[in-house]
Amino acid sequence: MRHFIEVSDFSRQELTNLIDVAKDIMENPSKYADAMKGRLLATLFYEPSTRTRFSFEAAMLRLGGQIIGFSEAQNSSVSKGESIKDTIRTIACYADIAVMRHYLEGAPKLASAYSDIPVINAGDGGHQHPTQTTTDLLTISMEKGRLDNLNIVLCGDLKNGRTVHSLVKALSQFENNTFYFVSPKELKIPDYVKSYIKESSFFEVSSLEDILPSADVLYMTRIQKERFENPKEYDRLKDLFILNKNKMILAKKDMIVMHPLPRVNEISEDVDKDKRAVYFPQAKYGMYVRMALILKLMKEKEQSKDDFEDSRHQLYSTCDNNKCVSNHEKMDKVGFGLLDPEKHIYTCEYCDSNYAM
Amino acid sequence: MRHFIEVSDFSRQELTNLIDVAKDIMENPSKYADAMKGRLLATLFYEPSTRTRFSFEAAMLRLGGQIIGFSEAQNSSVSKGESIKDTIRTIACYADIAVMRHYLEGAPKLASAYSDIPVINAGDGGHQHPTQTTTDLLTISMEKGRLDNLNIVLCGDLKNGRTVHSLVKALSQFENNTFYFVSPKELKIPDYVKSYIKESSFFEVSSLEDILPSADVLYMTRIQKERFENPKEYDRLKDLFILNKNKMILAKKDMIVMHPLPRVNEISEDVDKDKRAVYFPQAKYGMYVRMALILKLMKEKEQSKDDFEDSRHQLYSTCDNNKCVSNHEKMDKVGFGLLDPEKHIYTCEYCDSNYAM
Amino acid sequence: MRHFIEVSDFSRQELTNLIDVAKDIMENPSKYADAMKGRLLATLFYEPSTRTRFSFEAAMLRLGGQIIGFSEAQNSSVSKGESIKDTIRTIACYADIAVMRHYLEGAPKLASAYSDIPVINAGDGGHQHPTQTTTDLLTISMEKGRLDNLNIVLCGDLKNGRTVHSLVKALSQFENNTFYFVSPKELKIPDYVKSYIKESSFFEVSSLEDILPSADVLYMTRIQKERFENPKEYDRLKDLFILNKNKMILAKKDMIVMHPLPRVNEISEDVDKDKRAVYFPQAKYGMYVRMALILKLMKEKEQSKDDFEDSRHQLYSTCDNNKCVSNHEKMDKVGFGLLDPEKHIYTCEYCDSNYAM
């Protein structure tokens, strides 16, 4: 059985199919209005996230399905210290498919290993948030008509923004995309993300104005004062990274501005009325791509072999990342897959932390 | 597009139509069982209110629609400091109509100004609660067979009871209604409410017994000990304002007793079995009138011009009411409409606070 | 009208019918997919219990019905100090049937006395949890093919486990069942439970190994360290009461292991893969038996005479159990039914506490 724990669980072909189905749903909603009649989606939100929860719930309801779930762990048995494994095994008795958001990295991956029903990762700590990436891909495909031959400018906190990391990874699979990273030095894009892109296709830029004129896609992210070693530094730099009406003048007429939302102040409100601002439509695309995802996972009956098992090379008792679910749930061994045979880099099966062994 | 932020958003004709539709739903529920099939209602409760939330959710579900929502702000993105404007713009991507309860006065009004879907005010702080008023009108119409030629006694906290204020305003539009206000001096009905009624049609009374024999409708409200300057005063006075079996003996056989609920102790339980007590049926009427309201707003496709804009006379940067949403959300200017040309009284577009300018 | 407050509300015949309907639903789900179309279930959870709430919500949704409700009292009007009586009378305006979980003993019983719709007890403090018992009966019937001629071993905390008490009571109505109670001395099965069983049909055993070979059904329960007068005692004894792979070797090939869940550590994970472990299927049976229960209560139109009233012998102003709802809600008198005419034992109508009078 298939799950959706990270974007790489789907091939490039599967991602493009997903986008095509989402587009068909937008054009022919009535065709899908009863597709999930009599089916239940469990929304297991161990930390609150209204936007993501609403998007999944609206997706299932618009497919004619129904919802059970909780929106914060306090309301749930987990407060009685039940293990994630037991929780998912019980949920699988009541629901046909589950969406999990968890503060621990790898929690949805662990759940999927013990689940009789498809599990979708709706965000696990700072680790993965794959349906945000599929949302972004659908948005670009809809607004630009393509996923290749694009100049993509990513601006803000590029170090901690997980959605940026997996978007770059996904878009680098398509031909002739060039990436421009605009961020303060404390919040630079990590090397492992650059490793997805071939040398000549990315550039690190110090100011938004310089690069805006050539951008096809501008992807803005939250930039939190607290992230700066010295908060004064933030006040000094923020004008370089905040998008406003004046900067929009520099951009192409057909450029698009994206943002995962919620936005704080990195995009000033005077940009909202600009037709190039697509961050609210982006939210709507997120609902449709999740409808397509639910349909896909519910259709796939055949048991899938756990791809990880095959590439598993090492087993250790723990992972050194203290946010990794393997340090919070009882388990015999943690698997570490071989990431880089030359440098002997291994990666944790749950949180993807890398180690030289 | 139409919203329902305060009772005066609807004309007298629209209110009577709303009541007629509610009655038709009660008589022919099956006719409406699928009216909202495939539509989603978002219930945005920034403060808890089970009764009101259940009433709206039951209304939508009995129309064949579905629900997404939150029942307290902590579970929602707003805890991440997202603005009301951004929240409603996102919700509008997922849902077809929204109900908002908020602790800030004018919050639903602000939301409606940025919303692509109809917004219903389910209570904004101490300001407005229009669907309680439509509930009260349907209850009187059902139980008394008319909305005019009534002796209406309102008892308890008439100063802080927003539902009382807008009920008086609504009923004063109908012919030959007389109002009797029974309250302790600290909790008298405000002058601005009296200004809705013509001089000869209202009286302030000190005790409930005195006026009960001539009442057609008795509207009881919560009377909170804390409201009294001197709590001992409460114990001395409360017998004057608490309804019990003995007082009911004084009332007409066809009088009705109403209460917005929840009641604390202002109506003793020995009254519950009296067939003149209609405060529980009143709750049921509330569900049906909300079904009619959802149907009305969803039907009205055409964009409505913002009536306020036309009557707007003054723009200032802030409103002096610190509970007004304009002091908590970023906005350029607050509009002040001319309420009283003689006395030069202006009213805030969000919280309706009055100022002489 | 019928309610389901404790297992004894249903006759043995009704319980077996309930099980038969549950089995028919499992075999022909589509036959029941729209049975509750247009009907609303209110889930009133005054304390959180995800498992039980999900089970009821999934049951109603799989019958084509809909849900309104709250999952903890804080989100509800009860935080405004509304009485249970008023709450249920209001809920009855919106919903067609209600499920209540409450921290006070007898709260659902009180609600049922004031409700116009069927009320189901989903657990009231340490008192009753009847749908767990119907779940257990369906599980045994499905997995063993019978409810009689069984050797039933109950292990763990038999003193505080309400589910154990009412399961023993229910199974003792069926022929030739023998009960084996395995527990530390501090947590022995209470005498009143033994009084349901005839002398020759139960035995108290000190260790699980000794009795396991002859068991047809092993019912494990949570055993909380805190329950021990001396926690060290727990560490010394726990091996006697924790089930693991090695102990399973002693058991029959067709024995079944049950647990109400959530489990903490009384069953080690190495047992989960054993096909005799049925505690997760048990959760699924719980959903189906609740579907049957909802169908039964919704079908029974006729008003049922309150059986309690008939057997009521004494009225007093209070019950001595400070967790009894009668000490927390305003009420004239509490009824005490005659339980044992010889010993003059009377039982409280709400919490079933016994008193010699």
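Order of writing sets the chain letters: A, B and C. Residues in each chain are counted from 1.
Definition applied: a contact is a pair of C-beta atoms (placed from the backbone, for glycine too) under 8 Å apart; a residue touches a chain by one contact, two chains touch by 3 or more.
Model, not experiment: these values are computed from the prediction.
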Comparing which residue numbers chain B and chain C contribute to their contact, where sharing over half means same and under half means different, the two sides are different
Compute the rotation angle for the C-alpha superposition of chain A onto chain C, expressed as a multiple of 5 degrees. 120
Whole-Å gap between the CA centroids of chain B and chain C: 42
Could you check chain A for residues that touch two or more other chains and list them? none
Looking at the complex, which residues from chain C come into contact with chain A? 33, 48-51, 54-55, 57-58, 61-62, 71-72, 261-264, 269, 280-281, 283-284, 286-287
Seen from chain A, its contact residues with chain C in the complex are 38, 40, 42, 66, 68, 70, 74-82, 85-86, 89-91, 93-95, 330
